[in-house]
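Chain naming follows the written order as A, B and C, and within any one chain the residues start at number 1.
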Amino acid sequence: MEMTKSSGAEVKTRGHILIEDVVKVYDPEGAAVMAVDHCSLEIEAGEICMIVGPSGCGKTTLLNAIAGFHEITSGRILLDGEVLCSAQKPRAEPGPDRIVVFQNGALFPWKTNLENVVFGPVMQGRMTKAEALDRGRAMMADAGLAGVEHNYPGEVSSGMRRRVEIVRALMNNPAVLLLDEPYRALDSLTKSVMHEALLEIYYKNKVTIFFITHDLEEAIFLGHRVAIMTTRPCKPKKLLTVDIPHPRDYSVLTSKRFRELMQETSEAVHEEARKAFQAGEREG
Amino acid sequence: MEVQAGQEHEARAALRESAPFRDASERLLERIAAVARLVRVEQGARIYGAGEVADDLYIVASGRVEHVFKREVGAREALKRIGPGGVFGWAGLLLGQSARLASATAVEPATLLRIPAEDLVKILESEPVEGAAVMDRFGQMIQRDFTVPTFLAQVRRLSGAPLTEEMSRFSLTMYRISLWVKSPRPYLMMIGFAIFLGTWYLAVEVWRLPRFRDMPGLTVVVKEWLSPNPTYGLSVYTAEYYQHIWVSIWRVTQAFFLATALGVPLGLLMGWSPRFKEYVFPIFEMLRPIPILAWVPLAIVMFIATESAVIFLAFLASFFATALNTMLGVQSIDESYVRAAHCLGAKRWQVFRHVIIPGALPFIFTGLQISIGVCWFSLVAAEMVSGQYGLGYVINTSYVMVRYPTIIIGMATLGIVGYATSALVRIAGDYLMQWRVRELALSEG
Amino acid sequence: MAAGGARRINARVVTHGLVSILIFLVLWEVGSRSKVWLAWDAFGPLRDLIAAFGLKTHYLPWIGAVPAPSAVFKAWMGVIDQAGYWQSWYMSFQRVLGGFVAAMLIGIPYGLMLAVSRTAHGINFPVFESLRPIPPLAWVPASIIFWPTQELAIMFITFLGAFYTIVINVVGGAKSIDGRFFQAAQSMGASKWDIFKRIVLPGTLPSIMVGSAVGMGITWEVVVAAEMISGGGSQMGGSGGGLGFFIWNSYVGGSYEQIVVGMISIGIAGYVSSELLRSLGTYVTPWLRVR
């Protein structure tokens, strides 16, 4: 399923994800629990796809399946036409083409920020250490992180840590960036700054972004498309294309079109949230 | 907020009141007063909130301001009331900070001198010697008055000004000590020791209480310990004393290093490879519950030479503790780190070397501190039962030969030496895990 | 991902465990019988290797002196129907229980006091920490001098061993209670006693249970040591009894197989008591069982 486009335009052809009829059934203590229910979703290369849903609905399971941390029970997931996982090969291989930015951050606390950033290329041996350090410093400066290269992650603010983690991921030229509620633990002021920072980084490095959140505003602000998921078992309930043009900045938040989109979708989200609340879903 | 223009005199007076500018030259004050503005705020007015852009610095000319740090800053006391002469809003002067670290509200009607941080920095940069000194004093004032962790409170280095020295290790220690001395802790500690030693002295030597009568008294022990010619042969002046200490320490060292060399790799493997654990752990868990001293006769039978037997026993105890804690440490590593490493393309052995080992290190060192305690425990017991030389032996024979004060000398020496070795392990750990020391420092309070 | 899969995995784990234990026993058996087979001609080079280390060559070093599992088992069967053996169990358990209960009864309140009151902590903790590196066994002579009976002396030592661990765990546990629980309680109008009863106590309970499980292990160590020292190794005289004494006696009497019997018995006793404590722990803290 390659993306065909007329030549000439600068087109991103890496990072096309096809989720085909994926089912994931857990078996905790004998009672089969379906986490993902025949979910199908197609994500274009270079697209920012926001996955919105109530806590515990199974969206992280989807992300983990793409990343290769969990197995799927049936269905297929393809990346640029190649099968990542299927019923025959239930678990994908984790790799630098799909890098995850974790909810609580997974920067190695025992390495400095710069050492973290160059970890990927150094481990894979794609560059010499000197090259990697140069490139790392440049990318960090690009992201506004100059000056904290030699600090440990524990010494800088959580907003900075997130950005370092994203730079660490981008150093490997991934096809897809998988973000699992990365800004959940930040206060709303830092969050809005982080959003702009993420978009800035995105405009410089067009990767496919698969971003899980429960914050509808965040989703519409950042995404090209927003997929609203049902509560467990998870399945796309409504797909929204955000036709506000990129590049965007925070003035978008008060624009008329933004409010309209919020109106269109908030009912769907709210409905699922209410269902989840009644079902007593535990945090996923 | 009312702006009052032309209050140069008041502005300079306010600057003089504050710590960083107390000794500044008139010329510098003049320059700063030129870019500063006096503002009046009402009671209850919100001056700024945490997270906002840190653009202006404030000095209180009159009135009172309430300054509350946000939690992530890790200040020991988050709330501070600032009166005349106090400086706040200095976040813009710190390395790597551009947002407010706290929120500030006026609790009384106040007059504040507002100085744009960037303008201040430019002025200080253009003053070759004074500028650096003032920045220095900012740094000192912040650390002294605002209880923030040292690593946060590093002021920016002025470009073009001579490099001010980072807070050296020594001054850091001095600062910590000064904080400690100011707290009630050292005095309570002295009270505690006084009670303990006092009770001992009184119960044995003065009141001669029934049970305590036969115990060696405090003064007797101290006299013996410090006497150049001890009645029972052991004091800080006798060579024999140090011989025993050395023998015990040497045995512990051998046992401990051997146990660490074998226990850490075993623990790492057991934690890392489920398959390995399935094979090895059952045997491990079968042998572990057997108390170390139950091994004494068997050890004597096995090793014949008592020296090896004693070291073996200390080794065994230490080994179990180290291996177990290491294994638990590996198991406690957050899964996300391993997953992140996989995403970034690390192979299995790379994950082991770059994630598992550093990740388990804090737990390993906690285990090592437990382990060395256990090592001493077993060594002393083994020495008491079947040793020649060593502190355990000293304690045992002193009892047998009715040299009671020496028993206490032995015990006290054991305490000191045991503590010292434990501290050594901890220091080694701190040295290897710089990142953790800093992280913990930031979260103190 | 069916239930059968989980059962299959468990069976595999158990088999692996059993296999390795079996291999361990076999190696042990072979090793301890080395007096027999090492003399055979085929093992000439091995004997030379051992001799090169300056050790005696008529049995394997270390393992060769250990009694074989088969001999140990035989001895165990022999001892099982002797009253004296079970009497030893009883006496050891008695001492362990006595010392341990005393440690809990005194240690828990003491630890809570240190955790709750800064002043008490400041006064007590430094002295406590200074005395901690002194191994409990180093207190044996002092204890014997002080206490009127041998039994009390031994119990004091076992008390000491567990006391330290329990106090440290209680203090640590109380300190780690999330500050927000206190704030929530205060905002709901709780008195200091309420807070203590409903937050500090339950919040510290998990640490108390962990501390007691570890303390139990230490108690056994100390009991055995004390029994050996006072009943056997030195001339501190007095009644003996208990599994530690059993072991020492076996050594002195030359029945090495019985030494190992004693060791295994204590291992089992220690393991059983720790497990009992752990189950008690889960019973007492039901909220930790979820998940």
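The rule we apply is simple: contacts are C-beta pairs under 8 Å (C-beta built on N, C-alpha and C of every residue); 3 or more make two chains touch, one makes a residue touch a chain.
Small disclaimer: the values here were computed from a predicted structure and weren't measured.
Farthest chain from subunit C (centres taken as the mean of C-alpha atoms): A.
The busiest chain interface, judged by C-beta pairs in contact, is B-C.
Averaged C-alpha coordinates put the centre of subunit A at 39 Å from the centre of subunit B.
If you average the CA atoms of subunit B and of subunit C, the two centres end up 31 Å from each other. Centre-to-centre spacing of subunit A and subunit C amounts to 50 Å, using the average Cα coordinate of each chain. For subunit B, the set of residues that touch two or more other chains is empty. For subunit B in complex with subunit C, the touching residues are 184-185, 187-189, 191-193, 195-196, 211-212, 214-215, 275, 278-283, 286-287, 289-298, 300-304, 373, 376-377, 380-381, 384-386, 391-392, 395-396, 398-400, 404, 407-408, 410-412, 414-419, 422.
Of all residues in subunit B, those touching subunit A in their complex are 51-52, 72, 95-96, 151, 334, 336-337, 339-347, 350, 354-355, 358-359, 361, 433-436, 438-439, 442. Residue ranges of subunit C in contact with subunit B, taken from their complex: 12-13, 16-21, 24, 62-63, 65-66, 118-119, 121-127, 130-142, 144-148, 217, 220-221, 223-225, 228-229, 233-236, 243-244, 247-248, 250-251, 256, 259-260, 262-264, 266-268, 270-271, 274. For subunit A in complex with subunit B, the residues that touch the partner chain are 67-69, 94-96, 98-100, 102, 104-106, 108-111, 119-120, 123-124, 147-148, 151-152, 154-158, 168-169, 172, 187, 189-190.
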